[in-house]
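Look for chain A in each of the two complexes below; its partner is chain B in the first and chain C in the second.
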Partner chain A sequence: MNLSFHIVVCAGIVPDPLQTLEPVIGDSGPALKNEMLLPAVLDPWAAHALYEAAHLARGHAGSKVWLVSLSPRAKLQQVMMTVAQKAPFELVALDGPAGGFTDSAEVAGALAAAIEAIPGLDRSRLLLFGGWESAARGAGTTLAMVGERLGIFDQFQGVDELRVEPDGSLRILERVEGGRHQISRCAGPPAVLGWATGSLAEPPNQPQLGMQNMRTILPALQRAQSVALPAAELRFVRVALPSQQRQTRIVRDVAAEEVAREIVDWIRG
Partner chain B sequence: MEQVLLLLTTGENGSIGKAEREAVTATRNLVCALGGSVWTVGLIGGTISPAAEQLAGCGAAGFVGVEGKEFAVSRYASDAAAAEALCRAIGAGLVLAPGSSRLMRALGGVAQRLGARIDTHVVGLRVQDGAIQADRWYYRQRIEATLTRAHRPWILALDPGSFPPWDGAPGTASVKRVPLELGPEAQRTDVVGLQAVDTGEQTIRPEAELLFVAGAGWTKKQPDGKTHVEEAAHLILEFVRKTKASLGSSKSLVDLAGEGQAVLPFLTHLHQVGQTGATPRHPKGLATCCHGEEPHVVGWRFIGERRAINLDANCGWARGKADVLYVADAFEVLRAALRLLEGNEHR
Partner chain C sequence: MTRPGSRAARPALRTLPGDDVRQIMWRYAERYDLQMLVQAARSVARGLVARLVAEGARHTHEWTEAKARMLEAFDEAGLTAVYIDPAYGGYIEGPKNLALALVAFELAWVDAGAATASLATALALAPIHERGTEEQKQRYMSLAVPAPGRPPWRGAFCLTEPIPYVGVETGLLSGKARVAEWPEDGEPILEVTKRGRFITNMGFANFVTAAVDSGDERIQGSCMVILEESDPGIFDRGTPARKLVHQLSSTADPVFALRVPASRIVGGYTVRDGVLVPNYDHAEIIEAVFRRTRVTVGLMTAAKLLSAVEPLIRYHRERFRGGEAVAPGTPRYELGLQQREDVLHRLVDIWATGEAAASLGFAAARLFDELDPLERQKDAILASRGVRGGLAAFKALRNSQKDALELIALEAAPEDRRNQARLEELSSDPLVRFLMLDAVANVLCPAAKLWNTGHGANMMREAVSLMGGYGITEDCPGFLGYKWMDAQLEATYEGPEAVQRRQLSVTMTNEIFLAQFRAWITEMRRIASRRPGTGACALASAMSLWLWTLEHLEKARDADGVKLFQGSRHGVVFPLADALAWLVAVRAQILDLVELAEKGPQNPAVAEGLEGLLAFFTDLAHAHVVRAASEVGRICATLVFGYNRHPAWDDPSAPACYREEELASIEGLIPGIAAYATESEALRADGSHPAKAGPCVRFEGLEDFTRLRAKLDGCLTGGQLAKDRAARALTQVMIPAALDYPA
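On to the complex of A and B.
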């Protein structure tokens, strides 16, 4: 039995989580202030999907990983300088907006078309990976739509574990309510897996791997087609920062017993 | 006039839970505000009559459902097929649903099949000048937005905890069954079961009054120059047990476990609160030994009263993120708190 996979990871880029975000309304709708100047990272849950994909491919000879990203080309190139050092993959780049105020249906259309155009992609061995939600729009719908467009009807979201059984079936753990996992057994690829955190730590930077990856990444960035996401029928009435600013009471130089009593009283309500 | 469908899935005994009843409230209020619209409840499950009876007095114009043992489990292929069938049967322009893990998995694909647009994690709904407006968050609870769409069908998945649960009296209701046969392509996945996180006991309690969050400080060297991880584990678990709190953690603490360091053994990524973790809803939250950095605190967006214990008076919690910051040693405070809680038990 051929237990090798063609793994396509969909991953956008998002502002570094430590950055302060401020919305602005432009001619084409809401955006982030100085969006192109904010340091960016690969979307965190999608990054986990990439690490899991690389791990899976490493364990199954003949497997290959593609990273498909719809992002502004210049920002994507910056992010790739780091990501390329983490895992071996081939980049498929689309040049377009990566912000949260786009529509998942349009993004899914662009991603699905790009995946369909990947030369040599064996759809019968396809595992479509990505984050179960982005850190931008956070809708958790794009990957499912891409899967549907590609005719994949076995889909899993909030995945923390994938195990390939000896018979080629997939044992998958998905997050469900109450801090539990649902265990499913899927006959095999093709399947969509929207990853949560998974179980792998972020790989260390490997400069040698980075140089190897960049040989294909740079041409892929040059080839990146422009994608427009007009979202014409989606209208934002209001976009704002939350106004919750609390008046923090700072309690210091008080005995632990007194602090404990205050906390216990507060908990008891 | 909108043709509104409320999609719900039933549990093991055919009834519905709190998130589903919250969606009933949201739909009732929205239809009322729209004026002249009708709404139907669409049920998916192994057994659906108990849910229809539970909702008999909810004000819906009718009930439709897809029922059968293959629809009892939470599986994409069968749930998406059932939801699609119900939407088409009703000709729904507006579809509302609770944002449960089961429906969240299926609804994106359903939107694709119907040529619909979808918005998830909706936390508020209103009608303004005849148009429906939905509130949701962007960038992991850092920016809030209100949006509207002209496109139909429009699917709206509602975040659990955002609306009061409907609590009307049960009664008698008839359900129109929509026949649906699944092909073999929709049965390639078997649901084997559920498992709790392998930590010895259930410490994630979504219904708890209190969220207790442990940060990486618990594993750092203490004033005696040594780490006290075992004691930290004991204090945290005992505190969570006695207060019946839900346990959360910061990313840094969970990541330490992934890096193979000796850390609190009962914490997993499922406990993680923040930018790459959960955004739970609890009336109160107590943070211990974490710094209140922005990526962590975005996970506290829906925590009512917030208090923190930290040795650093200048930490992020002090800058308008907590109601009270106790500048204190969390070990000492929890030891004392446990004595108080135990004393209360023995009284």
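On to the complex of A and C.
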């Protein structure tokens, strides 16, 4: 039985979450203040998907990972200087706007078209990975639409674990309410998995691996097709940051259990 | 067009400069290997290293398990193998000076002890890399590369000894090598004894490269020798040094008494008339090593200064928030202490120093990357001519020196009036290129070490003071208090400031360097004509003044007739070296600004905010040039005038003294002359003189100096306006919501 996979990870880039993120209305609609100038990172949800994809591929000989990204090319190139060190993959780059103010249907269309054009991609072995949400937009709609456009109807969201059974079927844990998981079984690929955090730690940077990856990443960046997202049908009624409350307290010499208890008490109010 | 100094609205500095900006300025935008290395080093620095510092790992002198985790993180992130050539298991092709400089910069952004720990094995390997035999390179380089299932060997470089031996004076070695056995037709066995002091990595080093002198008439001179922890004898790691700085690195005072084969002499040896003659003495080796590694030390302090900018802005802005009377939207809430000009101006000084220090350090690192292959070519060419050794090589290069001077003149000449064929011929001569780069490297390296760490440490004190009482607590964001202390070590180790000044006092008079320095003056004027707000013109004036002063001092004598410019006269040559360091630092700052202006528009991510960033960097450079020019002017004036005796009223040779009635009678002959006379110089009828020390000093023979000095003073015009604008930009720039490493 062939237990190898072709795993395509859809991943956008977002401003580093530690930056000051201030919505502004510009000439072309809403945006974040100075967004092009802010350091970017791979969307954290999608990054988990990439690490899980690399882990899965490593455990199943013959598997291969592609990372498909629709982002401003110059920014994507910077992000690749870190991401390329984390896991082996082949990049498919689309040069276009990223962020929370694009039309997810248009983004999904562009991503689906790019995936369909990947040479040598075996759709029967395809696992489409991505984040079930995004740090730029919490709607969680893009990946599902990419799957639909590719004709993949076994879709799972909020995935924390994927296990490949000996018969080739997939055992998937999806997050449900109350910190519990729903266990699903799927006969096998193709399938869409929108990852939550998974269970893998972020791999350390390995410049050696990154330099290997860059042999294919740089040409991919150079031939990145420009994608316009006119968003003619899109209208933003209101743009605001989610309300947040930051309470920072520096403590020393306090046991982790004590800290955890205090946080639980705080959440319970 | 906006005139320099204009009050017209200028584009604002929108964000702090990011990686894409720095890659252009520090010239590694095309080096993806280095960009990745930076990210790898940063993740260790702002992750594990920052957590170690925050958890208090610096509070012990011992080498601990927590600190050891840092080495594993270096291994995993590829930092341990940076120094190693691919032939021995490394992964970065070509010279590694810029690569090591970037690693040092990133780690020192959080903690320079981590940077020292990361680089110490490279320092131990450097003698082998620079002068080792092929067998030595193969063994130790390969062992130092992390490999699956085998921890890498780590090394220590052991030169410094307990007082009164080698330290500031690198020639006085008490460590000795003696012949313990010399089997017939076999390899001699050496007995090596050495006590080390302040030796980095000693807590865990597997091998040591130690400098020792001959303690045996069968060994000629000094050498460096490789010691392994399993060698027979005493390999005592010693007690940890009770240092107050760089505590994340292991430093101890080891004792060695080991037997090693003579093949461990770095670079090998020959036997002449029954005497073992090392191919390189220890001085030759450490010269080759330190001239590279000192640059990275200079960059550690540069990183600290630039790392202080964000926490300082955040602290100043948020200083009054939370107070009942301070409502959001009010200037006190939004700007906090940034309402005060002093806070802003001092931060401008800190940022400008950091910029110049980084620019100078990275320029020096790049220069060594260029120089390294040329040096090997030069060695090969000389070896093919049968030339080896310092003096013989110096003589052999004499003809090339003339060629180098010719090439410098050709390069400075207008393109349509120079012999292009000759220029190309000389440009392609590796000996000529070597001499030109070597002359500059011999200035930039000590200048980067001296200025970055010495002046940088002073500016770190400023940074700490700008945090108020918070600055000297462990909780200070950005660990600024630790960084201030650490900067003092950086000014000391690998050759303290006096050593750098001594080196500069020699290398700054090299005629090949000076010829290039003259070309730099022209270069700065040309930049100024294109970018008048940068201060490049003022810098050119300051450079001219420095050059005039040097040439004057080389010929001048003091009031007692003693020659002024001599190596032992530190009061003369050291300040002049300091002034030169200021000049090369701000020149590097301007060159990086020009690079950004020219290349920035090609990168869309940089181009968007480029106008505001360039306006700010231009003002920053201008304000800093004014500071540098003021220093240079002060130093030059002090030296030019300070060694002359002040005229006295009773000095018969004092030409200034005349009586009031004499002046009146001459006025009768030449009406109006009294208006040109200095009344305060005239003696009164009763022989008394005005209430001052003596007649004012005349400037005979120094007219050129006073002209240049007056011109330079005029060149300071607009510098404070630039500083005001840079200060305003600090109130507008958007900073991240939080620091990206814990405090």
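We adopt the following convention: the second predicted complex is superposed on the first by the 239 of 269 C-alpha atoms of A that agree within 3 Å, B and C clash if a C-alpha of one lies under 4 Å from a C-alpha of the other, contacts with A are read in each partner's own complex, and residues count from 1 in each chain.
The rule we apply is simple: a contact is a pair of C-beta atoms (placed from the backbone, for glycine too) under 8 Å apart; a residue touches a chain by one contact, two chains touch by 3 or more.
Model, not experiment: these values are computed from the prediction.
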Which of chain B and chain C A:9 touches, first, second, both or neither: neither
Touching partner for A:238 - first (chain B), second (chain C), both, neither: first
Contacts of A:214 with chain B and chain C, given as first, second, both or neither: second
Touching partner for A:50 - first (chain B), second (chain C), both, neither: neither
First, second, both or neither for A:175, with chain B first and chain C second: first
Touching partner for A:38 - first (chain B), second (chain C), both, neither: second
Chain A residues touched by each partner, larger count belonging to chain B or chain C: B
Touched partner set for A:204, first chain B, second chain C, both or neither: second
First, second, both or neither for A:18, with chain B first and chain C second: both
Partner chain in contact with A:82 - chain B first, chain C second, else both or neither: second
Touching both chain B and chain C, residues of chain A: 18, 20-21, 250
For the chain A and chain C complex, residues of the former touching the latter: 16, 18-22, 33-34, 36-39, 72-75, 78, 81-82, 84-85, 204-208, 210-211, 214, 218, 250
Complex contacts: residues of chain B adjacent to chain A: 74-77, 80, 100-102, 104-109, 111-113, 117-121, 128, 133, 137-151, 185-186, 188-197, 202-206, 209-210, 243, 255, 258-259, 269-272, 275-277, 284, 286, 293-295, 301, 305-307, 309, 313, 317-329, 332-337, 339-341, 344
Interface residues, chain A side, partner chain B - complex: 14-15, 17-18, 20-21, 23, 30, 32, 44-45, 100-101, 103-105, 108, 135-145, 147-149, 153-158, 160, 171, 173-188, 196-201, 233-242, 245-254, 256-257, 259-264, 266-267, 269
In the complex, chain C residues that touch chain A: 14-15, 18-20, 32-33, 35-40, 43-44, 73, 76-78, 81, 91, 475, 603-606, 608-609, 734-740
